[in-house]
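Each chain carries a letter (A, B, C and D) given by its place in the written order, and its residues are counted from 1.
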Amino acid sequence: MNLKGMYPPITTPFLDEEIDLEGLARNVSRWMQTGLSGLVVLGSNGEAPLVDDDELEWVVATARQGVPRDRQLIAGTARQSTRATIRATRVAATAGADAVLVQTPHFFKTQMTADALVSYYQAVADASPVPVILYSFAPLTGVQLQPATVRRLAEHPNIVGLKESNGDMAQVADHVTQAPPGFGVLVGAAATLYASLCLGASGGILAVACVVPELCVRLHRAASEGRHQEALELQRRLTPLARSVTTVYGVPGLKAAMDLAGYVGGAPRLPLLPASDSAREAIRSQLVALEELAEAGDTL
Amino acid sequence: MNLKGMYPPITTPFLDEEIDLEGLARNVSRWMQTGLSGLVVLGSNGEAPLVDDDELEWVVATARQGVPRDRQLIAGTARQSTRATIRATRVAATAGADAVLVQTPHFFKTQMTADALVSYYQAVADASPVPVILYSFAPLTGVQLQPATVRRLAEHPNIVGLKESNGDMAQVADHVTQAPPGFGVLVGAAATLYASLCLGASGGILAVACVVPELCVRLHRAASEGRHQEALELQRRLTPLARSVTTVYGVPGLKAAMDLAGYVGGAPRLPLLPASDSAREAIRSQLVALEELAEAGDTL
Amino acid sequence: MNLKGMYPPITTPFLDEEIDLEGLARNVSRWMQTGLSGLVVLGSNGEAPLVDDDELEWVVATARQGVPRDRQLIAGTARQSTRATIRATRVAATAGADAVLVQTPHFFKTQMTADALVSYYQAVADASPVPVILYSFAPLTGVQLQPATVRRLAEHPNIVGLKESNGDMAQVADHVTQAPPGFGVLVGAAATLYASLCLGASGGILAVACVVPELCVRLHRAASEGRHQEALELQRRLTPLARSVTTVYGVPGLKAAMDLAGYVGGAPRLPLLPASDSAREAIRSQLVALEELAEAGDTL
Amino acid sequence: MNLKGMYPPITTPFLDEEIDLEGLARNVSRWMQTGLSGLVVLGSNGEAPLVDDDELEWVVATARQGVPRDRQLIAGTARQSTRATIRATRVAATAGADAVLVQTPHFFKTQMTADALVSYYQAVADASPVPVILYSFAPLTGVQLQPATVRRLAEHPNIVGLKESNGDMAQVADHVTQAPPGFGVLVGAAATLYASLCLGASGGILAVACVVPELCVRLHRAASEGRHQEALELQRRLTPLARSVTTVYGVPGLKAAMDLAGYVGGAPRLPLLPASDSAREAIRSQLVALEELAEAGDTL
């Protein structure tokens, strides 16, 4: 499995607190008209912790209908217990996922030693019908996947890559250096995408790619093809919006940006509240700035 | 509902990864022979995040059989989404819980504004058939229930108390000062139990009370009755073991301590690993020290 | 040396960036008409890091003229290097200090191991003509004096006490429990004063005691004499102002509060800026609230 | 003033706690035989907080004798007060420094607002006879120089650059993007050197450049000339040693590494303790690995 390029961790649209499968299908269809390598359903940006277990199957199956077999459909299936993660992984695989993205368990942070994490991921990878992608997001979860742990896990034939969202360039460099051939290192912190690609990362799973997929794809291509100046300039333009739809305004901000960009965004599930009017205004200005560049001859 | 005295947040025993309801019943029966005011099932120490939704009912029902109606059975029912929390709360109430303990949602930390938290707890309290106890544990979750937020929520007739595990005495003092009459403030950080009782806290929900319930009950009584010197001395003796079964060795350490004290402890559910031999030895020494004091005429 | 009761860590008044020794003398004289046990010059609240080495002597000597021999004059003399700390300690002793308060060196935080700290304090205590008081303020400095380290150091005949500003009740309890007879444990976090006194602390070094010394003295007496309800009530009243003059508005806020209470406050030294108008207003309201209580028959 | 290339923040050698000016001169002479752009005296790695004010002049003057006028001699002159910083700055300029590097004041962290920092740096830049370089190292000091603050300060004609040691690539990118032409952005976190250069940083001030200057210079050249693969490979080799002489073993480790590489390292000033034997061994292995590569045809 070749993890390379840009993947949006797509949102889960809701209507009156229920999943809007039709809206989901519409979004997927539009993303598949761009140069994205695939997409991720039910990651953090898909509000996975707010989605019930019996809804997982429908989200994956609906996305699968829109994602052709030559692009990758990845499903987030991490739960806090090993057995629940395995159960969700099997459901996702059956429903059509090409791979699963599994965040470190983290509720019992201090107990998540390297040994506990290795044993967790090995059990999941042994049981999973599809390849497993590791996922470390320490600023959110308080749990680190150290490079040495990733190296041990990368030996498992069913573990094929890593999503690294810590924004720590030294760790990205370590992961890339130590990875066996074919092991994908995807970054999750958009503001460091270009720097990470310089260091050898193979792509990214970025919230902002839900909103401006072509801009992200172009940045990845520019960096891959050695057009460093262009990549740096695209990074500079991407960063403000990327921050708005993650650290600044969160999933509600991401959904607001999608609404403004013509996707089905909508309200998040409670207890998340919709983006405030001022958040929406700030995001609108950032989008307008990007669009003006596009009209001046640039594709977003 | 009068929240006062000591409550152990009990562990969930497992046998080969399945819940051991018989072991649970044996533990409950023994705790009920002490001066505990009641107990809490499926809190963090009950490995709630590792327990499946369909297991909740059986744990509550089994505990209920052992907890007489004049003591309080409290069930942890927090989920990340509002709707899942309400669903779990109703199941727990039907299965016999006298009240529910609801930790702040925290996966989307930065979005958990005071408004989001108020709206979450009001929705849960409106829907809950039984009284609701707020639960703030910022060092673990990254989400604070500020005194001003607690004060707003305490006006809801179905919100009857707060478990505060931050170990911040200034906040405990604030909560106590602002609480309306009858609103219980229970602390969750054992090392600060006596200091918190001085400040007016009404009791505690402490892991160490699973292991040495009588010692905790005596400390609470001594403080309530103004025997400050005795309370301070009990606190001093309690603290090392209390740390071992929480911050130092976590739930695996708590279960090991219970094994050593004659309760059904056992292994935690994966990915949690059992306590190491050295952890077990450290805990054994602490228990022996406490037992020697007991044999010298002191009750634990 | 008996460290017991309340000590204000006094501010250093400036006029056009130069030390105002006359203003200092006026303040000291007024504080000495209260029940304070003594005072501390050139601690953090004395802007010690902003005071030049050649100014130290004059500040100590001026304070000494106002502090009678039956009260204690303590001088902050910590520098980052061992030799500079010893030099400042000797100057302060010669100028009349009864004891020195020595904060942990902290610029090279990660190198401040227990061994480095023990060796530092032993060298200072060996060289100091007057008793040494340890000082740990981890939230500011990132360096902890662990209870085990304090215990080792307390064996030195010239180390007589500890100021603990971490606000961590479990550590205060540890320090008190382990301290040899006569070793003073003074707290620096005003919001936890009463709780700390319950745990056996012998007093406090509190910024707020610069502003409302009698209120602090009364709280200490009430707690010492077992009048817990009165102490708790005084704590409740003290806390808001105590926060304003430390964590919320810092030294500029403390100086503004002193101006309002009739002491010589004035502007801090640059780069510290004076308190804003809104800070000043907030502090004024808190003082008015305290004064109204006083007029209603209560002494501040 | 053109800040570009690699600068070591040199150590201050001591003999029996006194400054070893001869050792300093020997080191400087050797560094000047490499491609370094200049050097920095009395930064953190020069143990500046442990050096007395009256020693500053001699260190600068001694270094100046060895640094030709076509390379840059930069002196760290930050103190906590504005006036002491200005005084040290003037001394350094008189003694021969080409520029001064001024770390944010940080003892009163919470008071270091953007306004306070702007006013501090403007006063220093107004008074300084030589150009001023800003210095932000938030992980150590807790004080951030936000990109917006740097942009305001960069308008001052006597502020010519920034050392940024936070290791945050998004901030490096922001600084580079906003900097006026000719404003140098030097990074201080060696593990992110190559990534930072990709983003447009003009060079680095790196502890590891005290030990393997040529390796650092080659990395900078490779990146500048678009040989990305070579730069990445050099970064990979540099990182382990770079960590040992900073975050892992600190200044004592840096001095041990210098001893091993034939420079005058020696013991740090107390309270810093010399590197342990195991630290020394770890560093030796890392140096041997680098030298073997060199013997295989590579220059270090």
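Note that a contact is a pair of C-beta atoms (placed from the backbone, for glycine too) under 8 Å apart; a residue touches a chain by one contact, two chains touch by 3 or more.
Keep in mind that what you see is a predicted model, and the values were worked out from it rather than measured.
Novice: From subunit D, which chain is the farthest off, judged by mean CA positions?
Specialist: Most distant chain from subunit D: B.
Novice: Just how far, in Å, is the C-alpha centre of subunit D from the one of subunit C?
Specialist: Subunit C and subunit D have C-alpha centres separated by 36 Å.
Novice: Calculate how many whole Å lie between the centre of subunit A and the centre of subunit C, each centre taken as the average of the chain's C-alpha atoms.
Specialist: So the centroids are 51 Å from each other.
Novice: Determine the shape of the graph in which chains are vertices and touching pairs are edges (line, ring, star, complete, other).
Specialist: Per interface graph, the chains form a ring.
Novice: For a test of understanding, state which residues of subunit B touch subunit A in their complex under the given definition.
Specialist: These residues of subunit B touch subunit A: 17, 44, 49-53, 80-84, 105, 107-113, 115-117, 119-120, 123, 140, 247, 250-252, 269-273.
Novice: Which stretch or stretches of subunit D touch subunit A in the complex?
Specialist: 167-170, 173-174, 177, 189, 191-192, 194-196, 198-200, 226, 228, 232, 235-236, 239, 243
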